[in-house]
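Across the two complexes that follow, chain A remains constant while its partner is chain B and subsequently chain C.
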Partner chain A sequence: MKTLRLITFLVALLVLNSNEFYPQKLTGLQIMEKVYDRPEGNDMTSNLTMTLKNDSGDERVRKIKQFTRDFGTMEKKIMFFISPADVKNTSFMNWSYSRQGQDDDQWIYLPALKKTKRISSESKSDYFMGSDFTYDDLGDRQPNEDSHKLLKEEKYNSDDCYVIESKPEQLDYMYSRTVSWVAKDKWIVLKKEFYDEDGDLLKTLTVKKFENISGILVVTHTEMKNVQKNHQTIMDLKNVNINSGIEDSKFTERIMTRGL
Partner chain B sequence: MNKILIGLLKYPYWIFGITLVITIVFLSQMAQNSRMETNLDEYMPQEHPAFVYSNQAENWFNIKDGIIVAVRNEKNIYNEETLSIIKKLTKTFQKMPQVEKDDVTSLYTADNIIGTEDGMDVKSFYSSIPASQEELDDLRKKVKANKMVYGRLVSEDETVSMIIAAINDDVFTQEFYEEILSIARETETENVSIYVAGRPIVEGTMALLGPADMKKMVPIVLLVITIVLYLTLRSIRSTILTLLVVLLSTIWAFGLMALVSIPIYAVSTMIPVMLIAIGVADGIHLFSHLQLFRWKNPEVVLKDAVSDMLKKMWKPVVMTSVTTAVGFISLLTSQVYPIKYFGLFTAFGVLSAMLFSLVILPAGIMIFKLPAAKQRKAEKNDINSGFSIAEKILKYKSISILITVIIIAVSIAGIGKVWINSSFLDKFEKDSDIVLTDAFINQHFGGTSTLNLILDSKEPGVFKKPEVLRLVNRMQTEVVAANPQVGNSFSLTDYVNRMNKVMHADSAEYDNIPGNQELIAQYILLYEMSGDPENLWKVVDYNYQKLNVNFQLKSDNSKTINSAINKVETFKDDFQKLGIDMNYAGSGYTGLVFTDLILEGQIMSLVLSLFIVIMLLGLMFKNIWIGLIGSIPISITAIISFGIMGWSGIPLNTTTALLSSIAIGIGIDFAVHFIEQYKLYSTRGDKLLTAEKTISHTGRAILFNAVVVIAGFLVLLFSVFPPNRELGALVSANMFISFAGTLTIMLIMLNKSNIFFKNKKDN
Partner chain C sequence: MKRFLVFIWILLTSGLYPQSLDFSGYLRNYSGMRAGNGNTDFVILQNTFSLNMEKNMGGSAFKINTMLYHNGSANDSILFKLREAYLDLYFDKFDIRIGKQQIVWGKADGVFITDIVSPKDLYEFLLPEFDEIRIGVTGIKLNYYLGDSGFEIVWLPVFNPTNSPEQNSIWYPSSGLNLAAAPDLSEQNVAASLKNSEIFLKYSSLTGVIDFELMAGYTWDDDPAMFFSMTPDPSGISLTVNPEYKRISLAGGSLSSTLGPLVIRSEAAYYFGKYFNTANPATDNGTIVKDYIHYMLGADFMLWDINFSAQYIQKAIIDYEPVIISNNLFNGQYSDMMTFLAKYSMLNETLNLELFTYYDFEFDDSLIRPRVLYDYSDSINLQFGANIFTGEKGQFGQFDKNDMIYGKIIYSF
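Up next, the complex of A and B:
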């Protein structure tokens, strides 16, 4: 699961439009399972604009075209850089496996070198491409990896939310705990706080926008702010297509070298 | 004026009472408001362009000074014990509240960019401690193959590894240093020794050691001055009163400082030094006069004797104090605020001392009913010897002039050798732990001091261009090659070189900057994807239009920094052609600029105050020639004192530069008292007799003054802190030169000029 599953992550925030009736109050775990257990669509195409802002107010903008497909036991993703100009057509492919303990396979194609190289990411706690998202933040974290507690119910913006505190079962996880605001009727995490090993607030994720695309709500605008470093990442999705039937052959080294 | 002063003699208790009340107010202000300024940034003129730029650059690249901890194992570091210690210390520092986690660099945290068969990897060198010999050998190989670490974090002989914990300027305290030292001591084992160095340690220790040493030495200085003062005045009460003047003026100066909420800066600790050296003069002259008067007129009652003292002496006391104060006020021209305050409050102290000398001292004499000291036989001889001295000086005046000219010439030659030094490390004993540790680390690594060169372009993306990075690379290589004191250098180029190499199967011929901007950009992207991009922002900014090039220097002294800068500057034109500006940043550089500013201000103020003194003296004695003659002691003291520094290798730094102010203060005192007395005696119209009488009257007081202060300050020669020793030596030397200059060359000039005698004839 050491993966950069940006899309999985976004899809993980989808709404489950359930009519089921729950007579008893939901537990924290049940709520997080509902968030997790949602149809995510088989594949997705989108244009990602990633904006990084540092504490001096400087900005870097990267535009990426990306394709993702879920193969059940693994997920494949391919990304092509559109800008900045000097990295145009640089492509990145990632295969992540749902089997515990299996490392991701990652490739990068550098057009200037005309070579595809394998790279490896050592840990889930690495930050993705210099952003404020770790590989783990972008992936699907299984609900049973944490113990969950329903803290309270409150309104966040205009949505009624469950506020869930999650603490990792494993000891050396990078966060000591996270707190999520889950929209009641949509099963979508609208806000999430990440606390570091010392228990101090490290980052805050806020969902600024979600859209109904092909009947599924897709989070299209998120901001992650590292409050300790005063660094911020904004992810904006455009031209989102779901279940358009991306071929398996799209995810190969040969496609990587072809560019857009 | 003297009528008021004499009138005040009727109310000695009132005067004491009022002074006491004001002093208590000042003391309570000091208790509430006084605070020592420990943040070195507060000393810097923040609006000065060099500091503005450096501050910005420190922000852009997170430039901080690092505490350097060296872990040494004489065999080598590749064993379980040493590697665990490196890991443990790294983690300990990361958890300290004064240190940010990302600011700790060691072999444990370092990224290893390596080439693999089918690509590139960024890995840590080790996370769990390698157990088998194979793993240890593998780690050793990895380190040796990576120039970004080998020679930087691990010494080339493999026996020492560095941990650097960068900290902000304001977090260093004695407790923090003690904590680090105790961590180091506790971690040490039979095989592994640990050394602590780095600029924060040196700076912090100096800031603590200097004043602490002064605290120890000042009471001894005061004790010696008290004893010598007693031996010369031979009256406990006179001694106490003279010291009271110094004490009260110091309290008033610091009290006013507290009242207007100005913190005590490091240079402010020099204020008592100045006030001791200058403040005892008035007392000595007054008591000396009183004593001589009562010996000559044993039948006169105390009050009349004091009245005579005030009548004859108030003018020179006021004149000397005002001119001295003006001399210090001229320090307001300095761009450095602590120096401005130093000048201002010392001037206030000097004027307070004047007030106390003219008011408290006589009041004290009245209260204590000061008995007339018995005149010893020897002292009658003193007067005679004063006569013969004057005679001899005037007889052999050509010899005096010749010797003076020779000494001045030699001194001027020495001034050329005076060198400015902003080094902190050079202020410590050569065999002190701090210097030895520093030398040890410099011997094994690039250097403990850092110079940051900031390259700045208007155009984003410039520092991805091959021609630009190649020029930077060439400059780095040439600067390191040209100067043995520059140990190594580090910048974005080192990342690009390394990545180009590993992406070409570790082939040495690709250990350079590729000639294609896209490739450079893609390497960097690749690094960002697999490594810790935070590290990149220490050498380049977000938009690749600013670059930080680090040079590690083996010394923090000005010679080393300047010679590195001079070599860097030879590339200025090349960078200019590419639209890139050069600037510098970091504490080593700002320290250098700061020292230059202080010296510039000091020399300006020296020239300015010399000019003011000449004008003031000219005005006071209504003759510009007197102004010129009166400036002789100041001028020769300043020249010879700088000459001594040049020849003895004492560098100009913030402390020694301030001493030229003492030359002015003391020089004026001696000159004014002497000229005033000379003028009084000249009414009788006999040139030789005037000289003789002045020598035995004022000359005696000047001698006492010089002996007292010299004896006191010679105590500082036993200080453990070299700058305080230099201070003691130079104050004593200044005192002696002023004394000798006044009694010889100035007397000769007075004698030759015939000024006071011409006037008589005109009349």
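Up next, the complex of A and C:
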């Protein structure tokens, strides 16, 4: 009888110790994996407007129509530049691969030269169209490229957030570290700080608006401020369509040269 | 004819057009002054208006690109150019383009190896932007697509040669043949006929690993062959030169791929049956026919936030004979050249510094082109630059006295 009681007690103890009753705290890596794995739909069409503001308040506006589709092991993206006038009809295509270590393939079509040129995707620290976003900032950085540490949990605006510090595994990366505020129930980065190679704050990204479109949370308004240059880029996403069934043939040189 | 074209152009831009047409283009002021050798003359005082009119109707589209040049340094002359005027028809697996169009092939920058469908307009040597150097050709282009690959067939019923500058232009090239008088090309047109038409074929593929093109063409040599004839006269024997355009064929290809941080590029063509001049005008009118190879090896890379691009280019005459005399483009059996480009962007890409150079190893001559580009606003771009020619002979050295500084203001819309 004593043995039976002892077994019952041990089973009860095991049950009480399970995750159902005492959820294990997520690690920094697990949180960033949830951000990375957040559903984004199979394809997306949108109109992107980038407004660049310098320290004198002068504004420059770039308008882009973009299409993205997930092909399983790779994601293809094609962008058509609509304005300013001197880059009109320029298009950019990117193929990114889920396989670890495989570089993206990128091409740019220059309408004045009537030429599609392959470009290197190694220069991820390049700024996109003179904005405050680098190509790397715009892409999906794989979680295992950084080591992540959960610093704290706090409210950001009205959202409960995890605050994660990420340090690159690669020593020559353009940022020494980043700090992200991740909304707990949405797995969206609502704010991110980028620190330069000297450890000084370089840029701050803030998400001003996100929307539920076809059951997918889409960030539709962000601001990136370079605090060292006092330069700012505002990104607005409009006319977002998710899972509209974009054809494979959209992501070809034929469409790059033909345009919208 | 020119008045008629100007009238059409004014009509199209006067507000009588359908509102759904898409208009774009630029207005450019371009001033250039010769510098060095005691020269301070303004050789370029040019205002240019470029207008694109486009309409996409889903299954079809059209584009018209007109250019209006006003030359203040040439008695206020006005020149109208219809650079492109074509209709596109789109089908499921293929597209057809009919009309006057610019066609660009190959992976090389600033050199023309397989990129010979559209001839060159050398009214100002190689100094204009590359889209202005190419002449639109009238013909039909058919593209048949197979996923990321495809075939392209171009048929041109009319042959257009290289457009050379007027004989009084500072850019009029030396033939390199030591002639007393420049040959007259004005009467050397090739009649438009089925027999005289040109045809080009290309297979191209764009993949994750490599992009490549394979091409062939049955065409005319854009530069005329020079035939010498000797006739006795009272003073002895006089030598006359008769330029004539000749058929030429070629087959070649190009590729580009990434190798770590490098983009490597290559392009090559084998030309069949090029007419070269010989030192013996009594035999075959001073000509000899030879094949030659033209190829390029190049790489693009970034270092210290500067974009670099370098290309090595060689031409080699097959079965070379020493009797062949040199000209500005061929010097002996092998002609070697390189190009170099460095570009640096700053102030959120509003200020760009650029240096482009051609260097010819055979003639030890070069063209050095530093340039500063500044985006004053989204619509207004300012440029200041120089064209520096070094050497005494060769395609660049011949213009050693044409060193120039220039400025451009471009308003895009």
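Just a few scattered comments:
Basically, the second predicted complex is superposed on the first by the 230 of 260 C-alpha atoms of A that agree within 3 Å, B and C clash if a C-alpha of one lies under 4 Å from a C-alpha of the other, contacts with A are read in each partner's own complex, and residues count from 1 in each chain.
In the analysis below, contacts are C-beta pairs under 8 Å (C-beta built on N, C-alpha and C of every residue); 3 or more make two chains touch, one makes a residue touch a chain.
Being a predicted model, the structure only gives us computed values, none of them experimental.
Look at chain A after the overlay: chain B and chain C clash there.
After overlaying the two complexes on the shared chain, residue contacts for A:252 are found with chain C alone; chain B is out of touch.
Contact with both chain B and chain C is seen for A:112 once the two complexes are overlaid on the shared chain. Touch criterion met: A:56 reaches chain B, while chain C stays clear of it. Judged by the touch definition given at the top, the superposed model places A:129 against both chain B and chain C.
The partner of chain A that touches more of its residues, comparing chain B with chain C, is C. Once the two complexes are overlaid on the shared chain, A:260 sits against chain C while remaining clear of chain B. Legend: residue contacts after superposition of the two complexes on their common chain; A:92 is shown touching chain B, with no touch to chain C. Look at A:156: by the touch rule set out above, it reaches neither chain B nor chain C. By the touch criterion defined above, A:83 lies against chain C but remains apart from chain B after alignment on the C-alpha atoms of chain A. In the superposition on chain A, A:103 makes contact with chain C only, not with chain B. Superposed model on chain A: among 80-88, 116-124, 170-178 or 350-358, the stretch of chain B in collision with chain C is 116-124, the rest showing no clash.
Comparing which residues of chain A touch chain B with which touch chain C, the overlap comprises 52, 54, 60, 84, 86, 107, 112-113, 115, 117-122, 126-127, 129-130.
Contacts from chain B toward chain A in the complex involve residues 59-60, 116, 118-124, 461, 464, 503, 516-523, 525-526, 528-530, 532-533, 537, 541-543.
Those residues of chain A that touch chain C in the complex are listed here as 52, 54, 60-61, 83-86, 88, 95, 97, 103, 105, 107, 112-123, 126-127, 129-132, 229, 231, 249, 252-254, 258-260. Residues 52, 54, 56, 58-60, 81, 84, 86-87, 90, 92, 107-108, 110-113, 115, 117-122, 126-130 of chain A are the ones touching chain B in the complex.
Residues 24, 26, 56, 61, 88, 90, 95, 102-104, 129-131, 143, 145, 147-148, 150, 204, 206, 208, 211, 256-258, 260-263, 300-302, 345, 348-350, 375, 377-379, 381, 410, 412-413 of chain C are the ones that touch chain A when the two sit in their complex.
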